[in-house]
């Protein structure tokens, strides 16, 4: 049987479907910020950016560009009506204080106990970059990770224990990959959705820790976005 | 009469010398004091400690600070240069000429706020269970393990705002504010470059930083995109 | 659709029950939620802990809370009733029905900010060398003795603002803000009475409290001076 | 020789003469707030109020009264041009962080080492009221006290050690009374100005600790204000 892994945009689309009306959400750099394009119609999702914005709107068009209005990824952004701006200290007070419903972050590795490694991949000659990841992973009510299921050379990213330096221990609730949607539970990884055409054995072979399957495990699919 | 306007960059940085700690406002280019960073790079001051969310911007606008090895220590949440090859700050980090206190951004911001607020230290759960917490004092509150973080203060803060008045009151556009207010409060001498020093005084609703935290203001154009 | 408007005082205080901790915004009458305090006093909730800069305002607008001995503990920087004879709260303080955590106002404000900011505890030099520091953990930082203060959080915060929108964004007039933003952030359920719930959404420059900290808003007239 | 003690307004006038151009000053309840009326012409003194105002103006006239604009003493106030408003936590960050040049506070007692007692006079049946006094006494760069030289029954308020509960230890720099201006120095109380017609012996008799005199000790006088 053949299968077609989700594209980055499709992973973002899938993750965005789980964002509910009224949620306050922080989107990390990379794939997570793409989710902003796929929030279901009719849901008011408030995007927080850790440099001090609640109510981030679409990336600015050429005409809208303002060098003094950026998100935490240095993109030039617009604001939605009702948006507010505040200091970095106040922004992290919001994050650390538990006022963010969901953070969607990129990940290098997730362990079956929910440990997350997403900030330091030991790149030779490159300095460290933590940014807001540790505060978000520790402070948000729910931490959801978006990543390719395996590394470029095929190694597993879902592991018994992380190899890279941790961002935060036991923090991850859900993982969206190009192959599956997986929850982190007290019993370890539980697959909620698996890609059409991908067998459970194949998915297990691409994972570094035991996978269980939800009783109502569904099919992972996304439109061509 | 209170008048914090200075005439030129020399006056703006007067008194900045060897061994000092300098904070830099700015995030994603907004609030970054490009003129003041360039003027600092042109001074002889050495053995500096810099406190900047990202080291990269200092390298972009003040490369001489690194080339001449005038920065000995950095406090930052990001110390990664542009591109995939090592930047000069990364080479210095690797060879030990530059030391680094790498901080989660929230702890970084809160340590600066604490510095300006007379809070010498606080506990936070952020970084517990990671190598960043190694060597830090741990303590549990309400069942949650935390680490002790200490306040950051500085001799100078260099930052940018949109408008100022002679009292030193500041108005930020968009997301220029970021670390600015707290760095201003945490510093003995806060110098702010602004697009416009207004006639008269800013209206109350426009004041994002009370002038009490600001020592010097200088009007300098926005040179980005130019 | 996000809509934090509630129709009446019953809805505004729904879920408020025995044993809860309640914060009250307000200073000098500005930001004080008079309607909500009166509505609280009309509820049966008992064994309450109140966090209010001054106890006096609760006694003024919700005397039944004290008369029925429904407040067991207060955190405040001022617990003095009007006039030179003892007020009911002072009688209860004296006879032990009401216990008090008396705090310097700055420590009071900072403990509330810490509660909303995920900071479980911090050190401050304020109160060292006074009886207020008795029994508190002491520690020296940079040659200055400090005490450890712990965060305050609440089940409900009752406060007043001038304007709100359906997101819960708040605009304060004058000095209405005082403890409001921090109490809103420190609480599980922040209820705000406002003079006006605006059509549409507040403009960014007018938002003093982001709606994320607010759960319920209710439009009620200013009854002071009436 | 006869002498005429300064009135409350005259003490305020005298204290106000020491406020310099550009100073940020917090005035406590009671006598200190009266100083606002006597700042010398041509000096820009910024008054901070701990409920969250920098740039307090005159007390509001009937026409200007706004119930939502008060100072820390619940007076309805105006703002000067350039004034700013902020939260209580930010206000005390300003105070605790050392950004207030001078605080003028009322006092019950001052000890010769600078200990201040001004918050709890053990009034029977009355509850405690700290307010912002402890933060101001600890945080301001200079603490200046305004008080009657003695209590109503003639007891000394300048003491070897305070009897009442302390507000802050070793914090007072200068004291303005109806009889003298006194600095607190490492050598104890040093009189800078003494009321015309009052002898040093008389002043000492009204004080509970040894008084020294500055070499250039002057005459305390104030206009009829």
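When the chains are written out, they are named A, B, C and D in that same order, and each has its own residue count from 1.
Note that a contact is a pair of C-beta atoms (placed from the backbone, for glycine too) under 8 Å apart; a residue touches a chain by one contact, two chains touch by 3 or more.
Remember, it's a predicted structure, so these values are computed and weren't measured experimentally.
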- Query: Out of curiosity, which chains are bumping into both chain B and chain D?
  - Reply: C
- Task: Please state whether A-C or C-D has more C-beta contact pairs across its interface.
- Result: C-D
- Task: Could you please state the distance in Å, as a whole number, between where the Cα atoms of chain B are centred and where those of chain C are centred?
- Result: 34
- Item | Interchain centroid distance [CA atoms averaged], chain A/chain C, Å | 36
- Message: I'd like the Å distance between the centres of chain C and chain D, where a centre is the mean of that chain's Cα atoms.
- Response: 29
- Message: Distance between chain A and chain D based on Cα centroids, please, to the nearest Å.
- Response: 56
- Overlap residues in chain B, where contacts from two or more other chains coincide: 110, 113, 117-119, 124-125
- Message: Residues touching two or more other chains, restricted to chain A: which are they?
- Response: 85-86, 92-93, 95-96, 139
- Message: Edges wherever two chains touch, nodes for the chains themselves; is that graph a line, a ring, a star, complete, or other here?
- Response: other
- What are the touching chain pairs in this one? A-B, A-C, B-C, B-D, C-D
- Note which residues of chain C are touching chain D in the complex, please. 27-31, 53, 55, 77-81, 84-87, 89-91, 93-94, 100, 102-107, 109-110, 112-113, 124-132, 162, 172-182, 222, 224-225
- Query: Hey, which residues of chain D end up touching chain B in the complex?
  - Reply: 21-22, 24, 44, 46, 48, 54, 79, 81-86, 92-99, 139
- Within their complex, state which residues of chain A touch chain B. 50-53, 66-75, 85-89, 91-93, 95-96, 115, 123, 125-135, 138-139, 165-170
- Message: Show me the residue ranges of chain B that touch chain D in the complex, using the header's touch definition.
- Response: 1-2, 113, 115-119, 165, 167, 169, 185-186, 200-202, 204, 207, 210-213
- Show which residues of chain B lie in contact with chain C when the two form their complex. 110, 114, 117-125, 141-142, 144, 146, 150, 205
